[in-house]
Each structure stands twice: as structure tokens, then as C-alpha cells.
Amino acid sequence: MPKVAIVLGSSSDLEVFQDARKLLDAFDVEAPVFILSAHRSPKKTIALAGELTEKGIELVIAGAGGAAHLPGIIAAHTTVPVVGVPVAAPPLEGWDAMLSILQMPKGVPVATMAVGKAGAINAAIFAAQVLAFRYSYLEEKLARLKAKMEETVAFKLSQIISGL
Amino acid sequence: MPKVAIVLGSSSDLEVFQDARKLLDAFDVEAPVFILSAHRSPKKTIALAGELTEKGIELVIAGAGGAAHLPGIIAAHTTVPVVGVPVAAPPLEGWDAMLSILQMPKGVPVATMAVGKAGAINAAIFAAQVLAFRYSYLEEKLARLKAKMEETVAFKLSQIISGL
Amino acid sequence: MPKVAIVLGSSSDLEVFQDARKLLDAFDVEAPVFILSAHRSPKKTIALAGELTEKGIELVIAGAGGAAHLPGIIAAHTTVPVVGVPVAAPPLEGWDAMLSILQMPKGVPVATMAVGKAGAINAAIFAAQVLAFRYSYLEEKLARLKAKMEETVAFKLSQIISGL
Amino acid sequence: MPKVAIVLGSSSDLEVFQDARKLLDAFDVEAPVFILSAHRSPKKTIALAGELTEKGIELVIAGAGGAAHLPGIIAAHTTVPVVGVPVAAPPLEGWDAMLSILQMPKGVPVATMAVGKAGAINAAIFAAQVLAFRYSYLEEKLARLKAKMEETVAFKLSQIISGL
Amino acid sequence: MPKVAIVLGSSSDLEVFQDARKLLDAFDVEAPVFILSAHRSPKKTIALAGELTEKGIELVIAGAGGAAHLPGIIAAHTTVPVVGVPVAAPPLEGWDAMLSILQMPKGVPVATMAVGKAGAINAAIFAAQVLAFRYSYLEEKLARLKAKMEETVAFKLSQIISGL
Amino acid sequence: MPKVAIVLGSSSDLEVFQDARKLLDAFDVEAPVFILSAHRSPKKTIALAGELTEKGIELVIAGAGGAAHLPGIIAAHTTVPVVGVPVAAPPLEGWDAMLSILQMPKGVPVATMAVGKAGAINAAIFAAQVLAFRYSYLEEKLARLKAKMEETVAFKLSQIISGL
Amino acid sequence: MPKVAIVLGSSSDLEVFQDARKLLDAFDVEAPVFILSAHRSPKKTIALAGELTEKGIELVIAGAGGAAHLPGIIAAHTTVPVVGVPVAAPPLEGWDAMLSILQMPKGVPVATMAVGKAGAINAAIFAAQVLAFRYSYLEEKLARLKAKMEETVAFKLSQIISGL
Amino acid sequence: MPKVAIVLGSSSDLEVFQDARKLLDAFDVEAPVFILSAHRSPKKTIALAGELTEKGIELVIAGAGGAAHLPGIIAAHTTVPVVGVPVAAPPLEGWDAMLSILQMPKGVPVATMAVGKAGAINAAIFAAQVLAFRYSYLEEKLARLKAKMEETVAFKLSQIISGL
């Protein structure tokens, strides 16, 4: 069973990742959640980054707001791929998180998704797309998702999940 | 041998992807380049998106400037993962491309990298990270890249390539 | 009777186009609505773009939010003129949609209107202005609209419609 | 012969519209140029807006930088359709012109194109698209332009013009 | 008695100028309000601009949102000084109005104030400062306002008005 | 003879105000220049603000870049009207100076002009417009400037000066 | 006992600094609050800046919104270190205050913190960090704060205070 | 002798900190330079953060561009105060670095300075201001700097250094 870590800078971000988690579940991807701060709990964050392989985690989805260093710092300490999701918060409404996650320097990529819920959902789908390199059963699920969306136009989670 | 398509909106973007291509070469990843426009040659673009699997292409790196629909349109027509690289151009200097690529709606992810050369290079590294799910030899190369960077701090392409 | 397609990325955008539709009705312009996504239902979108002339559609008004590729993708597949209306949504509040629609590359124009309801209404008026090239009765209606606005300063839809 | 006015806020904007003018010429559209300022020569600007029909002008392409009121002011004084092209200039690089042209209020549309040369060229193509409602020979030219672009991907003006 | 025109793009802007009007009243400055649109009632707008001197109006305070051409267009048609106040509205929250009013070209100044109520109030105070060139009684009132503010720190309108 | 102070944050800003000074000269307005920093020479700045009336200075034109507190600080210490001109400098290109000058709080206005040379020139013209309340000869000069601009469209300083 | 002044542009900013004040209290740092405006009460502001040493104040935390000159003006009149906190307010939501505080010119630093409450809290912590140069008891408190955060990840004020 | 570490993300940033280093030298502050990347050499970066006290470093000045996590990551691993300097680079010209450094979350402050050289110089001066808590000789030097600036207005490094 594929395994993805969802690492969030704050427990208040859980709501943003609710649908993403349901989707990973529907993809039969195990997705434990870790609440960690790149700044307030840097040791735990780095420790997790160092133990990913050991824990069987194959990809990290990291969401954070503000300076949003979490995805980049995890990426700095591992070669496991990291997908970053900027979380919007007043007053700068995600512009800060978006640039902090996206503008990573040469050598240490973070695959950045849209700000907020859409980005969280797409992180889950993208994770499935790349995990399909190893778990070929995902290809069919992704094809069904695509077919379902073409058919219904809107992204209705319950419908999509029942279609997978 | 892993195979990645580099799809660019304009032949003038080739220079931005020069180092990325060298890096993919050093990763022993085949990386044919396609110059295609989501707007001016939409049929060819969609045709390519439809033939990716048939051509043995496992991941797409798509770079574009301005309205930069290229990565999103390819992603709309395939379940092959798409990594997007915004290309900066005057006068809006990549803000347009960045938002057009990043802000994809629920259901169709594009993994967005930093604007310009750093993003192109990181797209290549990220591609190697996820292709390692299928091609385990890449893991060692990525570990060597990481070690080399920790050792030299700067990202010196020739040094890094010789180190892989 | 002139015929314009209103193509929206989501049924939630219908509210933004409510007044625009009333106005097209008052201009005696037929305006069927299509809910289509450039990303989730790309085949249907391209199919519509290819059948516009066949369906007797003379102009497209396309509204979308976020990456907002819908107007540009329709424009890529037809020579029927496309008018684009960026729709605002949190957190980036339309800056993303505005740039994605406006910054089209050389060769494939999208005539962009203001973000949101004002843009939707103006798309309808602009459609009438250019359809007047073929349907001269529209000239008089447009002249009456202009006179009505000079007289009342504000844009009061019911008054304007009764004045056409 | 169709007739379009190109109205520019400054003679220095002529260079931005050079290719657009060649294209209009290739479309057999007459396109006289007027250098007028909404602020410095408001009377001449309004006079032109009032005489458009009389002069046989069927559509206005207006380009301006900075506060860029020119397209909006012409649109306020006529029902002839107005296409606006923001022109970039330091230090704000077109963000000011873009918003000033795009964000027109309900009732008075300006069809806005991309900032700079791409916008100017697309204004010319869009003009041809809507003038085709009255001059059907333009349809074929537009179809050839589209075919030429699909074939060559890039927008090479001389090639395109020779293809029309 | 000094006379200032308050020209607003919409009656909904009246609320933004409520305190400004009270302040002008406390300065013994006559301040008739005109609701006029640069785009929907351009003739009335230009007519007013042409009759300012005749009406005894010595300065114009013009407030508008969106493309916000109103202050600039009045300034184009008169040598009476124009003070502009950007009004914020969703979704762009005044960034559009701010740039459209501020970035006037060489030759036609609009003295721009802060976005919203603070700007409206400051427009009234600035009007008093320059009208003091002709009406010297204003100097003392302005000095009392300044003293009152130094004393109370906050800007409490009723206190300030009673202090004038 | 009317008297205006030009207060600049740096001697490097002199070039931005060169044409503004020529114009004030042509308006027969005395315009001594003061190089003062709100931050590095705050005492001198406040001293000047306190001596304006004594020195016969009737209006201040203040230009500054970056945090650009100069106009606001002078305005805080005097009831003499202050016109502010944001000066652009890399890397933020005037966005910082524009907001710092424009967004003054209730009670202390700074009349803000466009960023850079256009703003400096317009500050000079606006100064003439309000000084005309006291020096009626300026009305005629302003009327000639307006006529000259309508006639020639462009703002050609030498022509305009010879026309005053 | 260390002493820090909290200087706020408005009494409405008190709420933003509530937690910061509790934290300073927990650090045993005396923190008198001054409500002062750089623009409306400039003399009082400068007087305070001149009396800081005399009053035993060792560091200033200054919070302001809009043009937000308060921190910079205090810094201009003292060598006591100044920490600035931008306060967000509609419509520009702190972008104005952020740039006005951050972009200080060479020679007069203001140490800028994040916009809003996070910035206020961090100003208090940073004050403790630098005051520890003189008051070594603070080092232990800061170490306990750091340990507490690593342990609980979130920043829960009551927990942190009880831990100091 | 006080000791400050200058930590830079790239050796190309050295030029930005040249004057800052001269100034620290003139303040008799020892200022070793470390070239370290939060992303490419995270272990070395964290190691340095952990050894600051041991090395006798009392304050960190950290400069970085792009995602610019360097200052925040050092701050996460120490209670030694960290001053951050955003470095501008094309295409986003420092907006990314500015937000990434400034918008630190509750609990982990980074004192942010202006983008680029001015920020680097001010970081040096601010360092001296807070180090004066421990090294009182700095107070006099800072007083002389302030006097020198009031006297000459401009910030001329050689003059200032000779005046310290």
C-alpha cells in the first residue's frame, strides 16, 4: 500500500486538507498526518524528514501559511519528493505562503500546488499520479477520475470517490 | 531508461531549460523536447498529450510564459504527471505565468516550480525523485546530488553532473 | 436572431452572469449557457469550440476563475470571437483569473472585461456592439442604452432594459 | 473595405503597434492612426469619438500607458466597439495601464488585450474576427491564419502575412 | 465663501464622503455634491468641468472606484485644481482606482489622496489648505485643527469640528 | 512672487525634478531646493517645516523614494499644503514610495502625484493651479498651457515654456 | 528590570498587541504603552523619542497601519533600537504599512516584524532576545520558550507563559 | 569585542553586504562571513545555528533571496537574535524574499530590514544598537553616526566611518 505523509504547520490547517485525505483514502493510499512547525518544532520536523524512508513514506504533502518554510525544509533534508500547498490566512491571504513555497532555489524542488483546498486536493491527485510509477493499480483509478470529471464537469468529491 | 517530455511554448524558452536538460541527461533520463503552443497549435498539443503513454513518456515538464496555459492543457488531457515551469518575460516578469500555472482547479494538478531557470532545474530533479519510484537507480544519484550540494553549498552544474 | 454562447467554468458562476443574460435577452440576442471546464471536461470544451459555427453561435462569452484557461482554450480552437470575463474567488480574488485571461500570446486574442459582474454585463454590451455589424437593429438599442445612461448616470438594469 | 481607427496616447506608442498595423494591412483593413491624449487633448479625443461613424470607422483600437484613460473615454462617447491595449512603461511596467483599461464600470465596455505588442497584434486579429460579421472575406483569412499557426507554432509575422 | 464641488461616480460613494462633507461645512466651505460618471454620463461630466468657474467652484474633490477616470477627465477639461480620492470596492479593493487616479500623465495633475474615508477627509483638509491662499480665515481654522490633533492624538470628528 | 519649496530626500532626485523646476521658473514661481532626509536629518527637516511661513514658502513639493516619509513628516509639522512625489528606485520600483506617501492617515493630507518625472512635472502644474487662488496671473498661464497641450497633444517642455 | 516602550499609532491597535504585552510581562519586562501619531501628534512623538533614555526605555516596539511612519520617525530621533510592527487595515490590508516600515533608507534601521498579531508577539520575543545582552536572566526564559514550543508545536500563550 | 555572524545564501550576495561589513568593522564588531544554504547545505546551517554561542556569536545577520528560508531556519534553531536581509533577484525582484523573511510565525522572530544594500547597512547599524546593551562603547559611536548624518544628510560611508 502506498504511503504519503501529510505534514501541516498547524492543526487549524486540517480543515483545508479534509477532502484531500478522503481522496487519498479512496486511492487506497495510506496518509498519516503530522502537525509540525519548521520554526517552532524544527528538530521534530528534521527528524521526520530523516525518517521518511524508514517509516515507509514515499512522498510528502506539506501545507503551511505565512513564511511557510515547512515544505522547503523537509525537502532540504530528504530526497523523498515533496509537494507543497500554500495555505491562505489574513491579511496577506496566501501571497506570502505561495511565494515562500514556490520560489525554492536550484537543487531543492518543492512541487507547488494552488493556494488552499484546491491545492490540497490536487496534491492528493498528483501524489497518486507519481505513485502510479510504482503502484500500477493507481493508473486505472486516475483514468476513472478523469472520465468521471469529463462526464460531470464539476468536481464533486463523493461522486468521484464512489467512481474510483 | 526513464523518459520525460520537455514541452515548451516557444523555442526562445530553450535557453531557460538548458541546464535542466543537462541534468536529465546526467540522470540518464531521456528527455525529448517539443515546441508546442496551447493556443497557436492546440491540436498538436492535445495530440501529444494523448500519445504520451504510447510514446513511452512517463512525465511532462512544461514551460511557458504569459497566460501560460500549456502545462494545464496537457494535464487536462492525460493522467501522466505534469510539472509546470513559469517563464518570466517583460513586462509582467512571470507574475502572469506563475498564477496561470499554479492556480489550477480541483481535479487537474500541475506541480509548479519556481519562475525561470531555478524552476527548470528543479523540475528535472523533481522528475528524477518521482521516477525513482520506478527506476531505483535514481535514488543513489539523488543521494549523491544531495551530498554534493551539502559539501559545496552552491549549485555548480558541472560539479554536480560529474558527481552523479 | 443573433446568437452568443455563455460558457462558464462552474455553475456557481451563473449568478455573476445573471444581469448579463437579462441584458442579452433585452438585446434580442439568443444566449444559451454551457457549463464546461477547460481542465475537467476538456473534450467537451474543445468539441463545443469546434461546433460553434454549426450551432449558429457567432460570439462566445466565457467566464472563469483561478487559472481560468476556459476563454483562451476556446479561442485556440475557433475563429469565432471570444470575450473573457475573470471571476473573483478567495483567496487571490481574481488577480489570478485576470492575468490568465488577459495575457494571451500573439495570435490568439481573448477580449477581456473587468473582473466579476461589471465585466459580465459589459461583455453582453460589447457583444451587442460587434454583432451590430451584422444585425443593424442593435445600433438603435445601443444608442438608447447610451442615452439612458447619460440621463440616469447609474446603471439600473430594469430601467435600462425597459428603455431598450 | 473595413475601417479601424488606431488611437494612441503618444507617438512613442507607434512602435508597439507596428506589427498590428502590418497585420491589419494584410487583412485589407484600412487603419488610420490618430495620436490623441485623453488628458492633454480631450476635445480632439471627444471630437474623434463623435465623428467615428461619419468617418466610416467601425471599430477603435486604443493604446495607452499610465492612467490610460484613452480607450475608456472614447468608449464613453460612442457605441462603436473599443478594443484597449495597455502599454507598459517604467516604473510600474503596465500594471497601472492594465487596471485602468480593464476595470471599466457597468455600461461602458472596453475589450482589453494583453499588455504591449502581443496585445496590439491580438487587437488587430480580434478586430478582424468581429469585422467578419460584416465582411465575410475575413473569415477565410482568419482560417488561414489559424492554420498557419498550427503548422508553424510560432507567430512569425512575415510568414503569416504571406499566408493570408 | 469658498466653494468646492464634490463629484462622485456613484451615489453609493456618498457614505465614504460623509465626514469629509461635515468637515468642509465646519470650514465654512460650500460643497455641493454632483453624482456623475466619466463613462455613463460623459457629457454631463464635461459640461460640469466646463462650467466650474461660472458656478463659482474653485476646487474639485472627485471620488471614484474601479477604472476611476472621473478625476482625470474633469482635470482634462479645466484648470481648476482637482483632488482625487480612490474608492475601494471588491474584488480589487481599490488597487485599480488608486493607480487609475494617481498615474496621470505629464501636463494634467490630479492630487491623489489615500484610498477611502481617510482620503476623503484629507481631501477636505487639503482643500482648506489651498483655499487659504484666497480665504485667509481658513489659516486659523487649520491651525486649530492641527492643535486639536496634537492634543488628542486621535482624529475625532465631532471634537475637531467643535474645536474649529 | 509665489514661492514653493522643493524638498528632496537625496541629491540624486534632482534629475527627476529638472523639468518641474524649469516649469515653475516659467510660471514665475520661486522654487528653492532643499536636500533633507526625514530620517537622517530629521531636525533640519522639522526645522524647515516650522519656518516655511517665515521663509515666505506657500507650498511644499516633496519627493522621496523607499519608505518615503519626507512629505508626510513635513505635512505633520505645518499647515502649508504639501504635494508628494514618489521616486522610483530598484528593486521595488516605487511601489514602496507610492504607498508610503499616498496612504496618509486622517487629519494630515499629502497630495500625491504619479511616480517619477510625470509626477514631478504635475506637482509643479498643480502648485500653479492652487497658487492661482492668490496670484491671479497664473490663471492665464495655466490656460495657455492647456491650450498648448490641446494643440500639440504631446507634452514638449520647451514648446510649453515658450508658450507661457 | 528591562523596559520597553510600546508605541501605537491608535488605541484601536491595542488589541493587536494584547498577547505581546502579556508575553513581555511574563518576561519581566516593563512595557508602558504610548498612543502617539507620527502625523497628528508629531511633537509628542518626537518628544518621547528624545526622552527615551531619560525614561529608562531601552527599546521601542512601534506598531502602525497605513503610511505607518511612526516606527521610522522614532528611529530618526534616537539611537535606541526600534522594532516595527505593521498593522493591517482595509482596504490595502497591511501592504502599505509593511512597505512603509520595512523600506527604511540607509542609516536609520527599523527591525520589521510580520504584519499583525504574529508580528507583535515576535517583537516581544525579539526584544527579550536582545535585552538578554544586558539582562542575562532572559536567556533562560528564552530557552524555556524554545523548549516549550518544540514540545507543543503550537504557540499557546497561556502554556508558554506558565512555562517561563 | 562584539561578534556578529553574517550568513549569506550565496557568495554572490557578498557584494550586497560589502558596505555593511565595512560599517561593522568601523564599529569594532567582529563579523565572520558564512556562506550557507538553508536548502542545499541544511546540516551545516543547523550546525552553525547550534554552535553560535559556543563560537561567541551574539547576533546573526542573514541575507538570502528567493524563498529565502535562511534567516528563519537559523532563528528556529537558536535564541540568538537574527536580523534578516532580503536580497533582490530577477524576476520577482525581492518580493519573494521579503515576504519569506518577514512573515515568520508566532514564536520565532526574524528582524527584517529593507531589501538589498540599504537593508544590509541597516542590519549592521541595528546590530550595533542592540549590542550596545552589552558593549556600551557602541552608544557613543551610534551617537556620532547620528550626528554625522544630520550634518551631511546623505549616507556617505567613508565620511561616516571616519566620523566614528
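By letter and in written order, the chains are A, B, C, D, E, F, G and H; residue numbering begins at 1 in each of them.
Simple rule for what comes next: a contact is a pair of C-beta atoms (placed from the backbone, for glycine too) under 8 Å apart; a residue touches a chain by one contact, two chains touch by 3 or more.
These numbers come from a predicted model, not from an experiment.
Listed by label, the chains that touch chain G and also chain H are A, F. Centroid to centroid, with C-alpha atoms defining each point, chain A and chain G lie 36 Å apart. Per-chain Cα centroids separate chain B from chain G by 44 Å. If each chain is reduced to the centroid of its CA atoms, chain A and chain B end up 19 Å from each other.
With each centre defined as the average position of its C-alpha atoms, the distance from chain A to chain E rounds to 50 Å. Shared contact sites, meaning residues of chain H that touch two or more other chains, fall at 37, 40, 42, 66-67, 92-93, 95, 102-105, 107-108, 114-115, 118, 149, 155. Going by the touch rule set out above, the chain pairs that meet are A-B, A-C, A-G, A-H, B-C, B-D, B-H, C-D, C-E, D-E, D-F, E-F, E-G, F-G, F-H, G-H.
The touching residues of chain F, counted against chain H in their complex, run 10-11, 35-37, 40-44, 66-67, 90-93.
Within the complex, the chain H residues that touch chain A are 9, 37-40, 42, 46, 66-69, 72-73, 75-77, 92, 95-96, 99-105, 107-108. Taken in their complex, chain D has these residues touching chain B: 88, 93-95, 114-116, 118, 149-151, 153-155.
The touching residues of chain H, when paired with chain G in their complex, are 58-59, 79-81, 83, 98, 102-115, 117-118, 121-123, 125-126, 129-134, 139, 142-143, 145-146, 149, 155, 160.
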